[in-house]
Amino acid sequence: MTEKPKVGVYVCHCGINISSTVDVDAVSEYAQKLPNVEVARTYSYMCSDPGQVLIKNDIRELGLNRVVVASCSPRMHEPTFRKAIKEAGVNPFFLEMANIREQCSWVHEEIEEGTAKAKKLVGAAVAKARLLEALESKEVDAEPAALVIGAGIAGIQASLDIADAGFKVYLVEKTPSVGGRMAQLDKTFPTLDCSACILTPKMVDCASHPNIELLSYSEVEEITGFIGNFDVKVRKKARYVDFDKCTGCGDCAAACRVKDRFPSEFDQGMGKRSAIYLPFPQAVPAKYTIDAENCLFLSKGKCGKNPKCQEVCGAEAINFEQQDEMVEFKVGAVIVATGFDTFDASRKPEYGYADYPNVITGMEMERLVSASGPTGGKVKIFNGKEEIEPKEIAFIKCVGSRDKSVGNEYCSRVCCMYVAKQAHLLRDKMPDANIRVYYMDVRAFGKGFEEFYDRVRRENVRYIRGNPSEIFKRGDKLVVKVEDTLTATPLEDEVDLVVLGVGLEPRADMREVMDLLRLSQSPDRFFLEAHPKLRPVDTATEGVFLAGCCQGPKDIPDTVAQAKGAASSAMIPLARGKVTIGAQVASVNEATCRGCSFCVSICPYTAIEMVTVNRFGHEVEVARVNEALCKGCGSCSAACLSDSIQPKSFRDRQILPQIAALGVLK
Amino acid sequence: MSATFEPNIVAFLCNWCSYAGADLAGTSRERYPANLQIIRVMCSGRVNPLYVMNALQQGADGVLVSGCHPGDCHYMEGNYYARRRLGMLKDLMEFIGVDPRRFHMSWVSASEGHKWKEVVEKTVEDAREAGPFEGFRRRQIDW
Amino acid sequence: MSAMLLKKEKWPEFVEKLAGKKLWAPGADGDAMRFAPVTEGETPALDFNNTRVPPKEALFPQTETMYRFQLGAEEMEEPQLEDETVLLGVRPCDARAMTIVEKLFRWDIDDPYYVKRRELVTVVGLACSDPGLNCFCTSVGGGPASTEGLDLLMVDLGDNYLLEALTEKGETLLESAGDLLEKADSDAVKEKEKLVLEAEKKIKREVKTEGVPEGLPGLWEDPLWQNVSASCLGCGTCTYLCPTCHCFDIQDETEGFESRRCRMWDSCMFGEYTLHTSGHNPRPTRRERTRNRISHKYSYYVDKFDVIACVGCGRCINLCPVNIDIVEILKKVEEAL
Amino acid sequence: MELEQLQKTAAEVADREDVKYVIGWKKGSYGYRVAPGFIEDAAGAAELIFSPLCTANLATYLTLVEKLPVPRGQEADDRKVAVMVKGCDSRAVAQLLVEKGIGREEVVVIGCPCPGVVDPELLAEKYPETEETVEIKWTEDGFLLVRGEEEIEISRDELLAEKCRLCRYPNPVISDVMLGEPVETRELVEDEGVAEIENRDVDERAAYWEEQFAKCVRCYSCRNVCPLCYCQDCILDRLNPTWVNRAVNFSENTAFNIARAFHLAGRCIECGECERVCPANIPLGRLNRKLAREVRDKYGFEPGVDPEAEPFQASFKPDDPEDFIL
Amino acid sequence: MKTNGNPYIPHTATVEETWFETYGERCIKTFKVVFDDQEVRENWSHQPGQCAMIGVLGAGESMISISCSPTEGKFLRFSVMRMGKVTQALHQLEPGDKMMVRGPYGNSFPVDEWQGKKILTIGGGIGQAPLRPIVEYVRANLDQYEGLTMIYGARTSGDLCFKGEFEEMESCSDLSCHLTIDVEEEDWSGNVGFVPQMLLDLNPSPENTIAITCGPPIMIRFVLENLKKLGFSDEQIYTTLENRMKCGIGKCGRCNAGGMYVCKDGPVFSYAVLKEIPEAFA
């Protein structure tokens, strides 16, 4: 219904804060004459109880349906007056404020100019108030469950926290086992505790926790909906091994016709595995998986007479008929913890990683020094003739980090320390090796880092400042060509082994997750947080949070801290059981929308989607706003050439009269 | 131009940075000319460039749009869109003979009360120098 | 009535004598856009073909204030129309058009604005000695020296203009010129007749109107409408620039508290012209609109006012961006009949 | 390109079951006029031509056609529309694809590499029009005007339309069928028309445009002819809110022209149609091209060259210029 | 009169009473208005079927049927559906506010010609507004007519206008009132179904009867079909057109349907005339 707007204007003295520079009575008199103004009054403190009562009484007695308060900044008291008029039975969004204090009386001196400006501001506020619309904020139920994508330490920790708080968690891991990168590490800096020792119990916990449903070897296919109400579809990939029957004995892998033929992902390709495999001994769940690509039966249709694994499996768990399985569930919040990739060292060809076997990466070193690694913890190299223990070892830091030429300007934050750690571990194993580290800077910023770095240096690890330009082969030695920048001496350092301190990169497959959740990337290509300082675990999409290295490089303590942060943020809607959907959101006039989807490209919250509607028998695409996602910024509407999308309360037809009032009113 | 000409300026400020910055200018009792009136919008990205045209047509002598610094937008990207759109508009306006001193855009953060004062002074001064906007003002020609 | 001669070099003086009245004449350049008020001291040149915008706007301005008021008040103030106006150099087709449009504006209830302006205006015509490529006035009841709607006809005789007063207003105007003029002799009149004949011969385009007014409604569903309108842009060119088109819209326009109700040209070629809120549109496509434009001119108007509402000025042909040609359309109509 | 090939192709396409009609150019009703032709079957294809007079950008008809309510029980006719495009016109198609004004599956694009069309006004001025239709052909380095027996050689520079002098995409950027051989592309040259205005001072520019915009009769030809003005319900027609009053005067006309030009920033593909159709001869092309040039030089963006591109007005780069910001 | 003979200048009238007939997005509000000027009030006369340009200064004017019969008194009634700019402004008017009115415009139902006949009105939705004056007129002059049958339908019971007035009619023997709604509703005991169907079901005899129909285009189309089925001749059927119009006095051209100016030659047309204007039903 179109009611006649009946506006009440309330001009506040604010003690003398306003009235000393603005003739409030003159403003009120002026307002009284504006169209649709029923009453205009002044009062010493509008925000005080009596001030509010004044407004409320007028609403009741004069039947006001719009209120203009000319006082301080709406950033201060908009909620106060909204509440007041709501109590008097008027929709809280029928309020418009004219800021005649912060932006008028406090910044101007002359009473004439202050008064003149206040009049205009009030005039403009009245012009807009007449055209305001009633709005309602909505509450909808939130599903008390969370989805965690990625089961590295970040995902594991977040899952455990949420589950411990009593909410259901669906933990989806792409690979056959949880654990992520941390499982591959040997010891961890700076405390040198054994990675597996601290991680394995958590891995086991999360598999056995009654509130966690672990979906390993699975991928999220689709997420729709909004905070409190995400609908999730997950594909459980076929393992070809009956999950319930497999006892994890390993007979199958031992019997496999192509036993130990394929590079083990876990061992960075340095160890080998069979076509049916457990990624690593402590893997959780301890269930075998057939790698369909390499399995003779699955790829060629034939494996001898009968597949060996099937023959030996006492539990009869092998099932070549198995199909991918789809599971669907609802969650109220999502945590993305998909981790990182290490920098592909072959992208710096000058270091010869692709050419020389004795140039290895930090990750490979982790596996080499690990007692459970492919060499059982022995560091041995092949120099072309024989297997030897390397004597001369060089580390190179910042490979793929802080390097514009490969597109990574950022610091990877862990390399300084893992290099120090590995140098230390090597020193332990080989007391007389010559170990040096080529570096640009050493950034030992964390708790205990500087101390650790000091200790390593004291252990006779030489730190040489210089960024090697080339590595080449001379005889059976590798030559590191570098300039020591502290002494300005060019060096050609002959070594046996080079360890490249590769940095962290966004996962190559992160686009899949971006598309799923319509997330954005920051300039470093990691996932973009909602605010770098104040909302570091939130994303633009409400109800979706980030944890761990997917948001940017970090070490384990930071990862865990962020995971805990994300978990607690995710638990807010779950614990409340409800989410509030904003009232001042955008809405689309579907009759005029031309379907260009400009608005869709613009909305930072991906709140708009194109839907097909029937317009007089024709299928046409129009935009539709998901009110739960929209934050009412209005960016979409400034780009909409047909003016079809408009943020409520800030519609063109509400703002244009405001402009007119400011231009024309005297 | 006559020294007494007082330009009328309409400004569009985003709620989170510039409007807060202007509030801060008030709280800090900065002093600046009273020629500028603010219309609050949630984001500078909300400012339809045609508002600028409309304001000039309806009696403004100058227009200002102000938002958060790049990277600080409360809605992440709104100010980038605003910058692109209004940059284009500015080119167009200049081309058709609207004095460039009549339209400004600024980044003012919530902590830049003093910068806000300077922006207002600059905007007002420029518009004053440019004189009353007659151009395509919806004047009362055939009324 | 009297026929006089005016030496061309005396033209500026002649114009000066009209001082005190508002003068309108085609704008300066050869391919004048429109008639414009003549500023003092200026002598309008008459060496134009025809204006793009017809002089109908002198009587029926593109935008016209009907009355002004203050928002919230009830008083309405009408504009005072009292300036006597002289239109100089109106082509005969455009003058004829004024008489045609006038029929509607005087039908049943007078349109006060048009009627008042018509009363105040003296129309000084200029015969065409060199008709345009797309002129076909002779097919629709006019001619290069048609006098309908004119108060005074000027014919360019080379060194002189021949001035024939056709109405009292014309007479008065001649009188006011006083001794600038000399009486035209029979030679001059003969020369004029020759010129007109020649001009008529130059007109190459032709439409046949016989049977068209009665026949058009019968072609309602004829495929010709689809054919001729497929490329139409639905713009306002053919109608705005047509001297006989007269549709208008009425809008209230406000600035601050000042407001006015005004009317402005409208066009039946615009989609929203007939659009209802429900989305229902009695003329939903350019086909119906084109059909209406032609039928209105060549049939409905004839029905109502006994005259074809097209004076053959050729503007719609010259200026249609996509070569929709009313002569061609009428040819097709004729074939279809 | 051979006329035969064109007509043959058009005939084939028009006869396709999934094609509603082919939009091409045909001889006009007199003088230099060329009219858009809508060909529904092979027989009609004989009318089609392609010559330096084919200025019209036919892509506009892809969106101009009204979608009538489909009677209950019937299905909408969603057969394809085939359209003949020159280089510039093809950019309109590409841009329409970017903006989802049309779907790729809705059109068949017949590409016509274009050596450049004539400026019809200039032509009529120099070689007055006649009531017979006149033919103009392309020659090696110009045009050949054939009027009855008479043949006149005209150099390219004399008559080439301004938009073609500036055009860098004479070969269609998108097509399903390409007719003839690609023509030589031209280098980017300075836009003298735009530069000439830029070189004036602000007041002169204001005076210039005031004179121009005052002439506007608001016939909306410029909007209606523009292939990229395809909103069903243009904001400039709306009353609530009213962006531009219906009144026709310099103020509203300017607002109208600003809004139109601005809405085409980063979208206008410089086909020059708006300027050609303007009955008031307002140099609208200069407005559009000014913006197009800024979009290209400052933002590194060209509309209508990549159907997969992000729309200019709905995207940004973090390093977009901001030298104008205080 | 204040208008100086300028037919475009409206008279000022005061809104005396308003109420809503229907609610929702496109609600209908009825206004009872009285001219301020004594002379205007006295000189004003209109016939059933005519309309007036009503408006609000600053918003504009709309053509609206006068929905009362002159027999009801020296006031005017308008029932206005909220559609766009003007009708929204009208809806904001409350008792005491000013409405600008000019008219009356258009032809009217030939009520005198119809004397001695049975009157059948068939209305749908807001289409009842122009029919109401006939109903009232016939009611006031029942002795001159053979009776009145009214069929009126709407989408829902909430969309029926003038609800309060129907009961009174039910009680009169010369009048019969048949209401229908499109779909079943809880508190609705009346007929359910479309108006054209109801017409068939009632099966009125065409003898000495005039049928007048008004409503949405689609309804009119089927009503006409059914009236023909029932044997009504073209001359016995009347309807009204509601083309867009701006001036109301046959100048602006908008309301043209074929050669007709709906504002002058209409809005009332007999089917015999209307049949010749294909555009009327386009």
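Observations
As written, the chain order gives the labels A, B, C, D and E, with residue 1 at the start of each chain.
Definition applied: contacts are C-beta pairs under 8 Å (C-beta built on N, C-alpha and C of every residue); 3 or more make two chains touch, one makes a residue touch a chain.
The model shown is predicted, which means the values in this text are computed figures rather than measured ones.
The most distant chain from subunit B, with centres taken as the mean of CA atoms, is E.
The chain with its Cα centroid farthest from the Cα centroid of subunit C is A. Contact count check for A-D and C-D (C-beta pairs in contact): higher for C-D. The distance from the centre of subunit A to the centre of subunit E, each centre being the mean of the chain's C-alpha atoms, comes to 63 Å.
Centre to centre, using the average C-alpha position, subunit C and subunit E are separated by 39 Å.
Centroids built from CA atoms put subunit B at 35 Å from subunit A.
Subunit D and subunit E have Cα centroids lying 49 Å from one another. Each of the following residues of subunit C touches two or more other chains: 63, 71, 249, 251, 255, 279, 284.
Shared interface positions of subunit D, defined as residues touching 2 or more other chains, are 68-69, 239-240, 243, 245, 247, 249, 313-314, 318.
Multi-chain contact residues of subunit B, defined as those touching 2 or more other chains: 49, 54, 58, 77, 81, 85, 138, 142.
By the touch criterion stated above, subunit C contacts subunit A in their complex at residues 71-72, 255-257, 279.
Residues of subunit A touching subunit D in their complex: 523, 591-592, 594-599, 601-602, 615-619, 621, 639, 641-643, 651-653, 656-657.
Remark: subunit A residues 1-5 touch subunit E in the complex. For subunit B in complex with subunit D, the residues that touch the partner chain are 49-50, 53-54, 57, 70-71, 77, 80-81, 83-85, 87-100, 104-107, 119, 122-123, 135-139, 141-142. Touching subunit C in their complex are the following residues of subunit E: 4-9, 12, 57-61, 83-84, 98, 216-217, 242-244, 246-247, 249-254, 256-259, 264, 276, 278-280, 282.
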